[in-house]
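Heads up, the next two complexes both have chain A, just with different partners, chain B and then chain C.
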Partner chain A sequence: MRLNRKVIPWIVIGVAAAAAIAAWKPTALIYGVQRAGLYAAIAIPMALVLGIVHIVNLSHGETLMVAAYATYTIAQALGLDPWLALVPVMAVMAILGYLIFQLTIKHTLKAPELNQLILTFGIAITLTQLVTLLYTTQTRKMHLSYVSASLSIGETSFGVYDFVFVAMAIAMAVALNVFLTKTRFGKAAVAVGQNPRGAAIVGIDVQKVYVVIFTLSVILTGIMGSLFMTRQSIFPSVGGPYTMKCFSLVAMAGIGNISGILYGSLVLGLAEAVINGIKGMSGWSNIVFFLLIIGVIGVRAFKERKI
Partner chain B sequence: MKKITSGIFPISLVLLAASLPLFLGAYPQAVARSVFTYMALALTWDILLRSGQVSFGIVGFYGLGSYAAILLAVRAGMPPAVAIIAASLFAALIAFALGFLVLRLRAMYFSITTLALAEIFKVIIHNWNSFTGGPEGIVLPQVVFNGDSRALYWLSLGMVLVVVAVSVFFEKSRLHYSLTAIRNNEIAARTSGVDIFANLLITFTVTSLLQGLIGGVQVFSYGFAMPDSAFDGNYTLLPLAIALLGGIHSTWGPIIGAILLGVASEYLKLKIPYGHLLVYGLIIILVILFIPNGIYGLVRKGRSKRNG
Partner chain C sequence: MKKTLAVATLFAILTAAAFGQTIKIGGTWPLADVTGEQGSKAAQLAVEEINKAGGINGRQLQLFIMDDELKADKGVAAIEKLVTVDKVDFLMGGMGSGVALAQVPTMKKYQKIVMSTGAASNLVEKALGADATWYFHLHPWDYTQGASYLEGWTAIAKKYPAMKIGKMFLAYEEGAFGKSSYDASKTMFAGNFKFDGASFKSAAMGGGDYTAVLEAAKEFRPDIFLWAGYDADALPILEQAKAMKYAPPLFVGAPPGWPKDFGKSPLANNVTLYGMWAASINDINPVSAKFYDAFIAKYKAEPATYFAPLSYSAVYVLADGIKRAGKDAFNKDGSVNNEAVIKALEETKYLSALGETITFTPSQVIKHQGIRNQKILQWQNGRQEVIWPFEVQTKAPVYPFAWK
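For the complex of A and B:
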């Protein structure tokens, strides 16, 4: 988190924008921040895989969806609270992540990028359809009393449970930062991310790094899947949009920039909350993400000439 | 001699396809029409893929064509044939304009942007209630040919033949060499004097035009358009699986793939109403892992081995 002169104007603009939103509609600011937390926490594992394994995982949102269904099933079968079901779900996701990597992704690492994109696209469809086959397309939701906890300040009252996502996003960013800069394995992983061939020459087991990082990312996504399920209704295609949104965040932040995702998600979360706050405009809020992704990718393409 | 025999097979195939409605009932004809639609879309995807660009937004221009055609007919009172042609030109125009941004992107950035564009088209049509009919969609007062299944079948066959002809043209003309050069190595292509952007722009515009055409034909055959059906993600997914299974970078590949998968999926749809698309996901994974060149790729390899 280097602070240089260039970012200061951006911080000023950001604070001014936040103040303007707060003055206009305080709830928009709060819901925007909560939404940003959710997006960031889901996008960070995707950024980890892209930064180190160099794979755009188009089945990322579907992994989230599978974890949500696993949580639902375990919680229903054992009568557990989803927060407790989180532990077995992490184990399930670890196995799933390991298998996906070993059986499929590992074999396309040397193939052209196109093959990896199409492969993970195929995995996404397989996961969605498998869940459709097992659970049908009916929406499911657990009714938990604590998610509707709310707080009133002055005249505005708002839900507080979703701040869990903000806490998760920050915790994940901090923990990964420590892991990647302080531990021996984390440093090795960063080296592989920068230059796999060089890392192999100095004796790092590149394959091991790939499988561990990929599995770790699936576990982190799994945790978010469990928490996602406590708040939202789930159905087989619920994950799809998150793949897109996470990719747009990762592309905005730039490959390998985890703290950038936090800022990017704030921009997107607030923009969506503002549009949702304007009467009769809520249908358009989805377009914000897609316009932003095209804008950011376009600007980068012209800036770098080669992307 | 070889030239004559190689021409006889495709011609007899076309004659066979054209005469099918004489012995088949309405249901198999409907299945065949859906096979033709996916075959045509798979071919358009493949034509662009021959330049190395992977589109994930096939449905975008397809949906745009569907809506343009139905809106021109309902709001402007155009006759079907004119509306379909105008709709394809509209899709081509949009693709031409967007091409100046999109075609500067490569690899995953190109793919994701095409996907995002398809979503943007959908959101716009979904929310522009007063003009497009919003989420409920828009209905034609009457289907073309009064819904006569034979006529609709021949219309669909004609459409697929147009797409096949374009695909063959791309295979036989100068464009083939330029696109292959771009796919293999852009820097080498540029040094050899290939205008990369112009070639990509032509290909992107033509394939989008065809996707718009397919959408227009589809909308007149079924008589309605809804955001969720015109922009159904399956119109991106199935053509991709079809082209991969049949064999990419060829005209025969998508044709073979569409016939195999189209018939198989119709059967599976009856057996497993929920989740029959699982087969498509698994096929994509298995083909990428084991036969990245598809069935036609295997045939080509076998043939070249036999010829020494």
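For the complex of A and C:
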């Protein structure tokens, strides 16, 4: 495997930055990586849909929330650990994804983008209100002793559970990469993403690709919803902020660039952890998050114009 | 015979018109939120109890409930509708300060007697002004709450000398609620305690990572670690503190409500909190026990926040005032005689389900302030126990806080 020369300076800068953070506050590096894993794992399914179906799904965070509630309900009703409840939740999310696509998204694929945005925004509100009606706004959180798992190195103790998000993000990225580059259906999906009309001409069933990819994305979001609720409290509006962050991350990485999401989330996660690590600066973390995104998109636009 | 029947019917109609009219109370709450949902249900429960016992001066109560959705514009529209369409005689309810603040001009316009259960921000009383004698505020103001915490911790330190209470760290959510809590606490505690704090992004706002504030607190080594955020932060902050092996001597939470089944988590044990009511008060207060049993019997759910007993008490306080005003409570045209009812309410002395006797005295601006103190409670074996004020104490504090 040959390393692209252009990447080497970025790798050097990245390693130097990580070393500097580790020297300043080792826990900032740990928590930054964990946070990056969470963002990446939630953003990857959104990137999949955006890259192939070309839909900006503003109900992405709400789908995550629905999966979290489904996991909570199944886990409570059957006395299951959320990691086990995840299996039936995947089936529930597959049905939900299929229905959302067939009943709504399918009919707006050729509509102006604004209509698609309004549609998915409407789906987001509908899901939030439905969950509010069923569960009220009262916050729920299952106590799971393993989420407090910790490791001590010298005087420093830190939580290790959140590394599951890092593992999940890497697993999703690798699995999707294999699926999209090595399987017949995956290759067809990439072709549809690049040129749907051309793909249709060569005999690819574009509608089938769309429905499968959208449903797969909802299933992946569902898996993350199940894991998300092990760590975070859930309430009907819990997913909203993640839609915006994930969309920004996807835009930063480049449409459909799944491995780019891993790098982007690492930069953003570390930046947030560093800002939070400076006392009195936590309010700046969102500003830095979006400034970084604006900066990266701006630089890329400038480069493209030069070419 | 026909003539007698006609006269009797006419008499019955006139009697009903004169005495049988219902007393209409309009209440606004955020119904999608557990505080408003249960607050309105508790108010309805009180109305039904009073009606079952014969009503007030022979008249039945009727409660009109409107959803303010925790939004200022909806709160204002709800008051307009209650007064102009439903023609209510009295207003009650409320939770959020923002909604209450927006409702003030409309309330001033109609000058209905209000029995308010929400609004802690002193901005509301500044907006009301000293001449809003029709406004009866049951919930403590932010500054009376702050003063009660200082009083409570000082009293606890005095009674339990083993409890060292000299250094406080406040982890506060970075929004308006947390920031105002920080400013108020700093003003209140900085002269008496060594005080420090740092902000975090609440899970309710898309955050949920408390590691930085916990590290700052760990470095400061406070006697009291207090966090001011929302219910969504309650368990995750404990889980992350445990993962970091951080156990302050007193782990205190000050969210407006607690997540469902929080007490069932082993991490909740011996977490201290601020609040106005706990089910443990049932052991020492029969009114609380009566409310609790009736609420569960009717709604098959436990009261989850103090807004339920507070709203229940609000109806009783109002009904008690109207009753004591007697025939002077209403003018001949059926409108409320504000002067008579306000005078009666000023003499209120009602042993409430919250554990204290409610009376009205002036606060910094308004004339009729009800409850002033919050209580200091502690989760012990899945139940909130009162540790201060000592007159309603249900259990001694467990100290220091430690992970099981």
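We take it that the second predicted complex is superposed on the first by the 289 of 307 C-alpha atoms of A that agree within 3 Å, B and C clash if a C-alpha of one lies under 4 Å from a C-alpha of the other, contacts with A are read in each partner's own complex, and residues count from 1 in each chain.
Everything that follows uses one rule, which is that contacts are C-beta pairs under 8 Å (C-beta built on N, C-alpha and C of every residue); 3 or more make two chains touch, one makes a residue touch a chain.
Worth saying up front: this structure is predicted, and the values here are computed from it rather than measured.
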item	value
Chain B versus chain C as contact partner of A:V267, first or second or both or neither	neither
Partner chain in contact with A:G283 - chain B first, chain C second, else both or neither	both
First, second, both or neither for A:L80, with chain B first and chain C second	neither
Touching partner for A:I297 - first (chain B), second (chain C), both, neither	first
Which of chain B and chain C A:T104 touches, first, second, both or neither	first
Touched partner set for A:I125, first chain B, second chain C, both or neither	first
Contacts of A:T27 with chain B and chain C, given as first, second, both or neither	second
Chain B versus chain C as contact partner of A:V190, first or second or both or neither	neither
Partner chain in contact with A:I170 - chain B first, chain C second, else both or neither	neither
Touching both chain C and chain B, counted on chain A across the two superposed complexes	132, 136-137, 240, 283, 286
Residues of chain A defined as touching chain B within the complex	56, 104, 107-108, 111, 113-115, 117-119, 121-130, 132-134, 136-137, 240, 244, 247-248, 251, 283-284, 286-287, 290-291, 293-294, 297-298, 301-302, 306-307
Chain A-facing residues of chain C, complex	32-34, 37, 174, 198-201, 203-206, 208-209, 211-213, 215-216, 230-236, 239-240, 242-246, 257, 259-262, 264-267, 304
Touch list for chain A against partner chain C, complex	27, 31, 35, 132, 136-141, 143, 145, 147-150, 152, 157-161, 231-233, 235, 238, 240-242, 245, 272-273, 276-277, 279-280, 282-283, 285-286
Interfacial residue positions of chain B with respect to chain A in the complex	52, 54, 56, 101, 104-109, 111-113, 115-117, 119-120, 123-124, 126-127, 233, 237, 240-241, 244, 272, 274-278, 280-285, 288-289, 292
